Structure formats: structure tokens, C-alpha cells
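A, B and C are the chain letters, set down in written order, and residue numbers restart from 1 in every chain.
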């Protein structure tokens, strides 16, 4: 179970006129995601959902708020002084550009993340990519290859081990990213618009494969997407974000039983509901206070 | 052009199937095809053959005296003589030894330094300005002070060649590592990779393209400094033969030296270009 | 339409005129087919020389004051003198005999006429030089690498005969053959330890601080590797053709200096001008100057 309590992220930026300004990307977001659920975060582009996801992953530290995994505190805002930083580093085995270790790999088995682009390394073959994450996980060298082949087969890349990402289609690359994510056997998989860069047909196949894997493994999946149809098709819950500063507008449970069909009527009802929330935000420009 | 690309990719695919001696043979063959292949195309032959013919005819008909512009036939004869009875091969070997020594030193120092500067802000802020100040000094300007400090001999020559090759390798490596796409780093870090693993498996492979380019420029500059170094007090090497030919007023020997140097440079650059082509498979088309 | 065409033509012709001017200017500046101008004949006659004991007559003349220093200029090598002659910075100069023929053909191709008016002769002799850092005697030569001109070289025969006579064992020393000009560089590069060379080369070696272990001045040149007339000539006095007449006076001065002077005076003058120590110079014969021989004129094609 992954829980975010009052997460805020504030950037200080310099705007076009050269004047210092503040940018609140995420404003006091609190969210609890139970184990085994498939949750989608939707919202207009640039509303801070990706930032929120990266905070969950530990790639960024929040300005305020905490992240808990299975009840254990894993992330809180960065401390001010260096001494406190050392203790901070010792206490939390999380990853952030400033705190991941110099020599030793610190595999975090709780979380794996998939990005929209640049999710896999183009200078390694598919096999080597998966073997990379296996090595980080600490698997013995002799077992790595066999295990990697198994994960590749699971995502449907059985014959493509020796191919380089540049030789694979976009859909195959995302499968490879999925294989890497699965290979560390995480409890939670975070995805940042994973299927945005592939064509519609491939997207549908990938969504089906993702559902199958989710049902087989029972992992928690949190996915950021701007495609409402995709969210409705895949998830148990949809969390709707507002435009900047990102806060949670609403959380909608998708009760439609699985397997779902993409054109069902109840889907379109929910879609209209979500659309209405979007339009209200776009036209009403409400101020959000905590 | 798309078809050619496809063929190259297929060839690379089959290469991965071979191993051992077969692989070496196939690599050498495809290298020769790539390098000499661009020279013996119909288009270039239609330029090179007339030029050679012109070069042969002009001195022979006396338009330009042959002691100023020796025709290719003379040059070939003299070149053969130099190779067989005047130890030109020995001089070439010595020059190549010096070149590789200097290049190796430049790479051994420049590559790690470039990686460190690209990877870490702290190192970069301390070291980069120093190199940016020293680099603009043209390497030939270092010759007098090098002669005073190191004398004339292998240390001086190695140092000068090192100077020529160091900065291109350093700056290109730095640029390549610095420009590593942050998303690749994020996708490595999220799995818990340490900085050392990231350097080995993300920063360096991602930067190999610029590194190879830096090495190419380094080779070119190293060759320049090799000749300059050998022209100052060396007793062996192609640069020395060049200077000696000038002392003996022998233009034909000078031309042989120039051809030797040009061919060496061409071969080394072709080898680097071959590596670059092999790396191209890593680049994802957008 | 007319106006446009006219202005185009104007532009093109102006560009062509400018181009022609630039080319003419470059042509004059480069002076490829000649030196800079008529002032040459009004300029004092300048002779270039190198600071080697082989040019003893020159130093004697300078010492005695028969040639004034404003007519001479010293250089580091005979090749620089050669290029100076071609470009017109010098009117005359001493160039090594081995380089003279190539120099003349190169200058001809540049449109500059050069001719030889005198030569510096030096006795041939056989010498064994060893590298400066080798502190050994003749007896220690065994096992070392020695260079010689060719297997039939007379100097080599003389040396091996003398070595046998002096009971020096050379059975284990390695002989390699190379041209004389390559020997000093090979010595410096430590590829060889010793070399059998003619007397003039020994002087050159000693000026680089190498050492002479053996000398025999009775050897005359005259075999395939060292033809007689040419091997004793060390330098040729090369003059620009248009100043050959002015050079006649120089030639007779040098002849005088060569024939008449007391050896002791020559020694002191040479030592002073070259910095070569007198004790070392005493072991060598003295170079002589003579007008250029017919043989040389034939070889050089003048």
C-alpha cells in the first residue's frame, strides 16, 4: 500500500521577464492506494501529475508532505543542513540524484517506474537491458540470462532478445520497459504515460497485455495518463487532477466488472462525468486553497 | 538511402552470429570495403584518374620543372627505393610508436577526466576553467618550452603529441557525458543503480559517439604534433626524413613523406569512422 | 532589362580587374621567378658560411681582415645557405658537396641561376667514432654495433687491417651498412655504437661531442662507395650566376688564405671562430680551398 500525505512541490523559477516567481506544481495532495489496485491519475497536460509520480518513485523530494509504503515512512522533504542530510541519507533508502550511493547499488524492491520515452537503454540489447535490472536486484550471474529470457517471454518479446531498441518498434520498446520493471519484482509499478507514443492498435494490445500481467501478478499499478478512455478501460480508481497547481479534484471508483469492453455504455457515462470536471476547471479558473 | 541502411543493419545482424577468427575476418573485410570502397567509386575515379594523369604530364612536358613537382612515376620509384633500401619502414614504425604513445597517454588522461567533469558538478567547477584557459594555447607554441624542459627525445615528442590530442578528447568526452539524457539516468536510478553503475552503464555508453569524434580530432592533432616534434632535433621518424629531404633539396623525397603521412592519417581516421558506424546502431531514430 | 545587363557586366569586369590586380601583386610579391629587383647589384656582396673547422680558409681570411665581416653571414646549416641563395638573401655561400647537385637543379627549376666557383678539400682518412656516452677503448669494441658505408668500403678494410695489427678482436661485433649521412643520426638515436667514417665526418661528430677512437690519414678515397675526386670535396662555393664576376675576387682571396698561411695561425683562427678546442683541432689536417675543378663543373652541369 502506498500513501502520500499532503505532498506539495514548489519550484522557484525565473519567468520570461526575469522576475523571480514561484511555481507550485503539486499542492497538498493526499492519496492512499491500497495494494493490488490499478489506479490512474488523469488530468490536463502539465498539471503536475508526472511530478507527483516522480515524488512517489523517490526521484524527487517533496517540499512538504510524506510518502509511506506499507505504513513505513520512506520519503520526506530534504533537510537544510549537511549533518541532517547525512542522517537523512542513512535513514531512508530512497533514490534521488543527491542521495543514491556512489558505489553500491541500492535496489529498491518496492517500486519500479516506466517512462514514456527513454525508458530503455538503446546501447544494450533487450536481453542486456533486462539483465541490467536483474544485476541491480542482486541476482547471480549464472541465473541472470535465464531469468531475463523468462521475463521477456512474459511480455511477449520471446524472439527479440538480441535486438537493439533502435531495431524495435515503439510498442516493443514499451514491452521491454515493462519487462525491466517486472524483473525487479516490485510491489508497485508506476507508469508515466507509457502508451502515449505508440499507435492506437499497438496501444490496445499493450493495454490488454498489461491487464493480463496485472491480474496474474497482483501488483499495485499507478498510471499517469491523459487518455480518459485508457484510464476507464484499465483502472479500478481514477484520480482526477486539476490544472496547475495540481491538486486532487475528485477520485472516481470505476465499478464496471472486468473484462471490460471499450465501447460499453457505463464507460461513456463515467467519461462524461470526468469531462465535465475538466471543462469546469478549464473555464471556471477556481482558486484552490488548502 | 533507406535501402542501404537496411543492408548495413542486416550485415551487422549476421556479424553477431559469427565469433572468433571468422568474426575478425569479416570485420576486416567489411572495414576494407567501407574505407577503400569510397575511393574506388565510379564518381571519384572520374576525378582521381584525370588528376593523376595531369600530375604525371605537367612535369614531364616541362610546364612546371620536375624538381619542383615530381610526377607520380618518379615519386613511386623514389618511394620504393626509400622503403626497400633506406629504412623508411623503420622510420614509419618509430613515428607510429611515438604517435600511439602520445595518443594513449592523451586518452588515458583525457577520457577519465572528461567523464569526471561531465558527471560531477564539483569536479567540473574546479577543473574545467583551468582547461579552458590552457586549451587555446596552440600546441606548436609549446614546442620551445618543451625543448628547454624535456630536451629533445622521446619524452618531448610524447608530450607534444599528448598536448595535441588531449584537449579534443577531454572536451568531447566532457560534452558527451554532460549531455546524457536525464531520463536514462532516472530510469536507472529508479531501480537503485549507484553512481558508479550509472557511469559505467549509462554515462559512458551514451557518450561514446562524442568520444569517438574527440578521438578522431585527437588523432589529427596528434599527427600534426608528431611532425612538428620530429622536425625539431629528432634523429628518426618520418618528420625527420622530411626535414632531411629539405636539407638535401630533394622535393621527391618530401612528396613521399607527405604521401606516407597522409595515408597514415587516412587509415587511422577510417578506423575511427568504422567504429562510429558500428555505434550508430545504438542511436534510436526519432 | 538593358540596365540590369549593363550593371551586371560592369560588376563582373570590375571583379575581373580586381582579381587580375591581386594576382599580379601576389606574383610580384612571391618573386618565384627571380629575386627582389635591381637593387641586388648595388648591395654589398654577402657570403654565407657555417661554423665548421672544414671552412678554415674562410676563418683565416676573416682573421687577417682580407674579408670583412660585413660581407659574411653565418648560418646553422648548408641547407639554409642554399635556400638563402635561391631567395636572393645571399650572393654566395658554402654548401655541402653532397647537397650541391640537388640545390642546383632545384634553383634552376625556380628560375634562379647558380654556379660553383670553388671547392673546399679535406683529406679523406679513416676514422672510427663512438657515441659520446660510451667510455670504452678499442679493445672493448667487441659485441658492439658498428656502421660502415658498404662491405667493400676502403676505410672499413683499412680499419679492420689496423685492428688486426693492433690485436683488437672484432669477431663478435655486428656490422651494419648505411649511408654516411645516416650514421650520425643513427648514433644519436642509439641504433649504432660506432661508425667507420671519413675525416670530415669525424669533425662533425666531434663537434657533437662524440669521440674518435682511431684515425688513419693515409687512406685515399677511390672505391665504389667513395669515388676519388668527389669524396675529398666537402663544400662547394656556390654563387648566384649574375654575381659570378664579383665572386672572382673572393675566390682569389680564399686561395691565398689557403696556400700561404702558417698552420698555427690557421689553427688559432679556426678555434676562435668555431669554438672547436685547439687540442682536438691539432689532430686533424687543414682544409684547403681551390677553384672549382672541371670534374665538378661537369657533374653539376655548369
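What we mean here is this: a contact is a pair of C-beta atoms (placed from the backbone, for glycine too) under 8 Å apart; a residue touches a chain by one contact, two chains touch by 3 or more.
The structure presented is a predicted model; accordingly, all values stated were derived computationally and were not measured.
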item: Most remote chain, CA-based centroid, reference being chain C; value: A
item: Distance-to-centre winner among chains (Cα means, whole assembly as reference); value: B
item: Centre-of-Cα separation between chain B and chain A, whole angstrom; value: 46
item: Whole-Å gap separating chain A and chain C, where each centre is the average of the chain's CA atoms; value: 83
item: Euclidean distance of C-alpha centroids - chain B vs chain C, Å; value: 38
item: For the chain B and chain A complex, residues of the former touching the latter; value: 9, 16, 181, 183-197, 201-202, 205-206, 208, 281-285
item: Chain C residues within the chain B interface of the complex; value: 77-79, 82, 98-99, 102-103, 105-106, 108-110, 178-179, 181-182, 185-186, 188-189, 191
item: Residue ranges of chain B touching chain C (in the complex, touch as defined); value: 64-68, 86-87, 235-236, 240, 244, 246-251
item: Residue ranges of chain A in contact with chain B within the complex; value: 54, 57-59, 95-97, 100-108, 111-113, 115, 117-124, 132-133, 136-137, 162, 164-167, 177, 180, 184
